[in-house]
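Dropping a structure here in structure tokens format, bear with me for questions.
Every chain is named by a letter (A, B, C and D) in the order it is written, and numbering of its residues begins at 1.
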Amino acid sequence: MPDKTPEDILADASAWWDTSIIDVQPGKIAIRGYAIQDLIGHVGFADMIWLMLRGELPTRGQAALLEAALVPGVDHGPHAPSIAISRMAVTCGLPVNGAMASAINVLDDVHGGAGQQCMALYRAIDAEAGPGGDLVAAATAIIRRQREAGDKIVPGFGHRFHPVDPRVVPLFALVDQAVAAGHASGHWARIGHAVEEALKTVTGRAIPMNIDGITAVIFCELGFEPELGRGLFILSRSVGILAHAWEQKQRGRRIMGPMPKDIPYRYSGPPLRPLPDRADNA
Amino acid sequence: MPDKTPEDILADASAWWDTSIIDVQPGKIAIRGYAIQDLIGHVGFADMIWLMLRGELPTRGQAALLEAALVPGVDHGPHAPSIAISRMAVTCGLPVNGAMASAINVLDDVHGGAGQQCMALYRAIDAEAGPGGDLVAAATAIIRRQREAGDKIVPGFGHRFHPVDPRVVPLFALVDQAVAAGHASGHWARIGHAVEEALKTVTGRAIPMNIDGITAVIFCELGFEPELGRGLFILSRSVGILAHAWEQKQRGRRIMGPMPKDIPYRYSGPPLRPLPDRADNA
Amino acid sequence: MPDKTPEDILADASAWWDTSIIDVQPGKIAIRGYAIQDLIGHVGFADMIWLMLRGELPTRGQAALLEAALVPGVDHGPHAPSIAISRMAVTCGLPVNGAMASAINVLDDVHGGAGQQCMALYRAIDAEAGPGGDLVAAATAIIRRQREAGDKIVPGFGHRFHPVDPRVVPLFALVDQAVAAGHASGHWARIGHAVEEALKTVTGRAIPMNIDGITAVIFCELGFEPELGRGLFILSRSVGILAHAWEQKQRGRRIMGPMPKDIPYRYSGPPLRPLPDRADNA
Amino acid sequence: MPDKTPEDILADASAWWDTSIIDVQPGKIAIRGYAIQDLIGHVGFADMIWLMLRGELPTRGQAALLEAALVPGVDHGPHAPSIAISRMAVTCGLPVNGAMASAINVLDDVHGGAGQQCMALYRAIDAEAGPGGDLVAAATAIIRRQREAGDKIVPGFGHRFHPVDPRVVPLFALVDQAVAAGHASGHWARIGHAVEEALKTVTGRAIPMNIDGITAVIFCELGFEPELGRGLFILSRSVGILAHAWEQKQRGRRIMGPMPKDIPYRYSGPPLRPLPDRADNA
């Protein structure tokens, strides 16, 4: 870079770390253009989450719906890997930041991605149907194509544990209220119902919407991108990950594995054998 | 364990993963005894954080103060390692869960621990003063002892960047309001002020309270343990970590290191040299 | 599960954690059937890596080639995000395990995946050519198809930094020696050369093999699956991540961001603005 | 910084990322002063680990002893949290880098720190005894003081699982050989034996050295700092973490928690209760 001046290089370095989120100067902190002292005490935590992720403040109705959707995801018990890892990590000596890191990391495609995948499905149905199109027909077509391609899992619908997910009805009621109050369009709620109908047609039985399906409806109604659906779930589940880390820490146990040592794991490899003679000498 | 029956072993295994936080059964999710369908739409996200961490719901006044304290910690710009790591991680191909994990992990003693340490300091002052004791005298004594032991950093006071931290005044006003409304005792706010006075006496100059000092006041007023002070900060900063990951992802850059490659790092090791002859043959 | 006996449940629990890698009993540790006391002092670290990942011990020639391939990946300087994150993490207070975790995490598709992707490319060429087929023709066809689909990056070839990668020639010489000694077939080395030829044909210029391309040749010659190519690179780079964490720790710096604070980042968001009036009251 | 020129700022930025480990320039990679092309094929992986961490190449005898000490730590079965987390992480959808990150993170004070703590104990005994001093007396004094302070755990001695640790005898034999060959002083081996004698005196029973105790002897004999003892253990265990991740990945299971869902966890919190009436309205 022979013709770059030091001034050019410095400018490039500043641009390299460009952000539109926060402006920090000595004595000044402004988030998306709002002075931090104006925000403190005047906006809620859900408002801040929205402002940080979207660039503008939500209406109060949008914030209330977002906040309600953050409540039920906080925990699903120690059988969930994210919770179990947090508790195990603490017994290995980690502080809460470390336990949270190891646990949040596993909220990936399979354990934390169903909401994001469901949002993508809803968008695909929206695109397939086109403006004013038949949502049930679009959902049916997409689900049929997926099944023909060998993929039988429809993210956001059915649950391996709960026959009926107790989180769905109250959340859907909030969506309906938000639609009635003009805070949401209801388009994505209709798509959610369309998937339920399509599943009944395709499979011959009722496969009800689960927590991922209804939060996907909410996050789509609120205009979030699918990948942020995963991010919002992580913000929610982080609360449970922290709470379980803290409960475990107070119990003082050391090096807690997945099962008590009374329950042996099964070894399925070769029986004891001598080292081979490795004749070649490289 | 020859005399344990299979039933005993199973009961021990269940007890090994005991929790008082959540009861999950098919069709039932209860958090701290509250059915999830009762919580959804009726409690806020800050209420849930409190319920998960403390076991009971907060009063509305407590929840409002907690919520206000979660707002300002969300971000401090890409110069903060937690934010920088999140952005770099995304350019390496990580999804948001992975970026958040690598970033949250570094909110350890130095980068994320000042609030927790400040809460411990406030508690030490409280214990040193005793009931009704002189808080300034206690603060002065403890700070003097720390300095004599060679430790000049008082967590929660002073800032390497902001001459006056714009987040402190509005948060302190909320504490005063909460005290006036009976939601907080004001004891820990007095301890915070006592540290400021003590610092002036000991160092001869004003070292104002920073964001860690005022959130430590709030979390102490609300009855949180110091380690949860770190946990609450992580919940707050996670929002910024996610927002920066998302902004970076939309820019599409690949493998972003700490500085543009125009700025070389300094190498201070030995100059180029030949491999030595290693005579011994073990 | 009403008809499962406690014995059944315990057996299922053991099976749930089944492994063919290690058998641990009180006083006994056997890895892939070999008693640990037989392994200690009789096999090298590269042998152990192979045994753990493949189930059998390598020949000495295979082990020597694997070991050589683990040497050059250990480090590529602090501009690499994996190394930078390790150093930053230490300045936040993390011990070496935490620094290594945050850093290793980012060795994902973009920063740590080129070797794996290159192995997948070699396999695709092998499949395209078929037994005894024309490797250059197959490589050319695949690269052309990729470019037509808009993907111009050929993993393992070219380098944004090194005009000629000094690691390639000596590693290729070791492959040639291994082939001459009968430790490797040479088939994957021919595929690597075929890609170089194909790239010259397709692009009109020489795009030489880089470190990912030659280690992909080696790991394919040794029979590793592509995903283990990434795993082996991580084992190698972990050494550099640890070394840089340790060097940084000895320097005692606190909270090191990506650039010194003399270099400001650029803020590209909205200018300072007042909070909006949010009329709706949900 | 009004009087800093752009040149000054750039120089400071380069210095901020100073390293003595690696010099990377276009076409040149030198580690600790050795050209990478000189190292490839001429030094082993254990040599590289030593060079990266210590700055110089080891003798062949030192490298052989280090390599032997890296072999037994690779794995201790899926009951170890580090291994269990790796396997669980894979079933959540993580690639091997993510699984390794979440798992390596927990190799902290309790699960991964015994070797480091044992090295610190050996050094404390060395300092207590002074040159030519009575090592058993020093060990006894230190262990007595620890027990009087309430700490009964002596890191590196005793095992909650193995009555006799099968890894200790063969590793100690290698230390004795290295001492006989002049590759090690034997001073730290004597300290290790002194701890065993002191424990017998203090507790009245034999508490044999375990794997952490013998690797601590080796790493002290080789001149490593205690914190690097943890780092070396991590490099070793990373192999097992990767191998188990890979084995689990091939089995295709989804979202594997700590126990099969047939084994319920125990819930010990309050029974189901209605939401309280929260009268205060902040």
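Everything below uses one rule, namely that a residue touches a chain if its C-beta (ideal position, glycine included) is under 8 Å from a C-beta of that chain, and two chains touch if they have at least 3 such contacts.
What you see is a predicted model; the values in this text were computed from it and never measured.
Just to note, of A-D and A-B, the chains joined by more C-beta pairs in contact are A-B. Note: the chain lying farthest from chain C is B, by mean C-alpha position. Between the Cα centres of chain A and chain B there is a gap of 22 Å.
Here the spacing of chain A and chain C, counted between their Cα centres, is 27 Å. Annotation: 33 Å between the Cα-based centres of chain A and chain D. The set of chain D residues that touch two or more partner chains comprises 9-10, 13, 17, 19-23, 35, 39, 43, 77-79, 84, 94, 98, 101-102, 105-109, 112, 161, 256, 258-259, 263, 265. Residues of chain B touching chain C in their complex: 5-7, 9-10, 13, 77-82, 84-85, 88-89, 91-94, 98, 101-103, 105-113, 161, 254-259, 261, 265. Of all residues in chain D, only 1, 4, 9, 12-13, 16-17, 19-24, 26-29, 31, 35-37, 39-41, 43-46, 48-49, 52-53, 67-68, 70-72, 74-79, 84, 87, 95-98, 100-102, 104-109, 112, 161-164, 166-167, 169-171, 173-174, 227-228, 230-231, 234-236, 238-240, 242-247, 249, 256, 259-260, 262-263 touch chain C in the complex they form. Here chain C touches chain A in the complex through residues 10, 13-15, 17-23, 30, 32-35, 38-39, 42-43, 55, 57, 59-65, 94, 98, 101-102, 105, 178, 181, 183, 258-259, 263-276, 278, 280-282, going by the rule given at the top.
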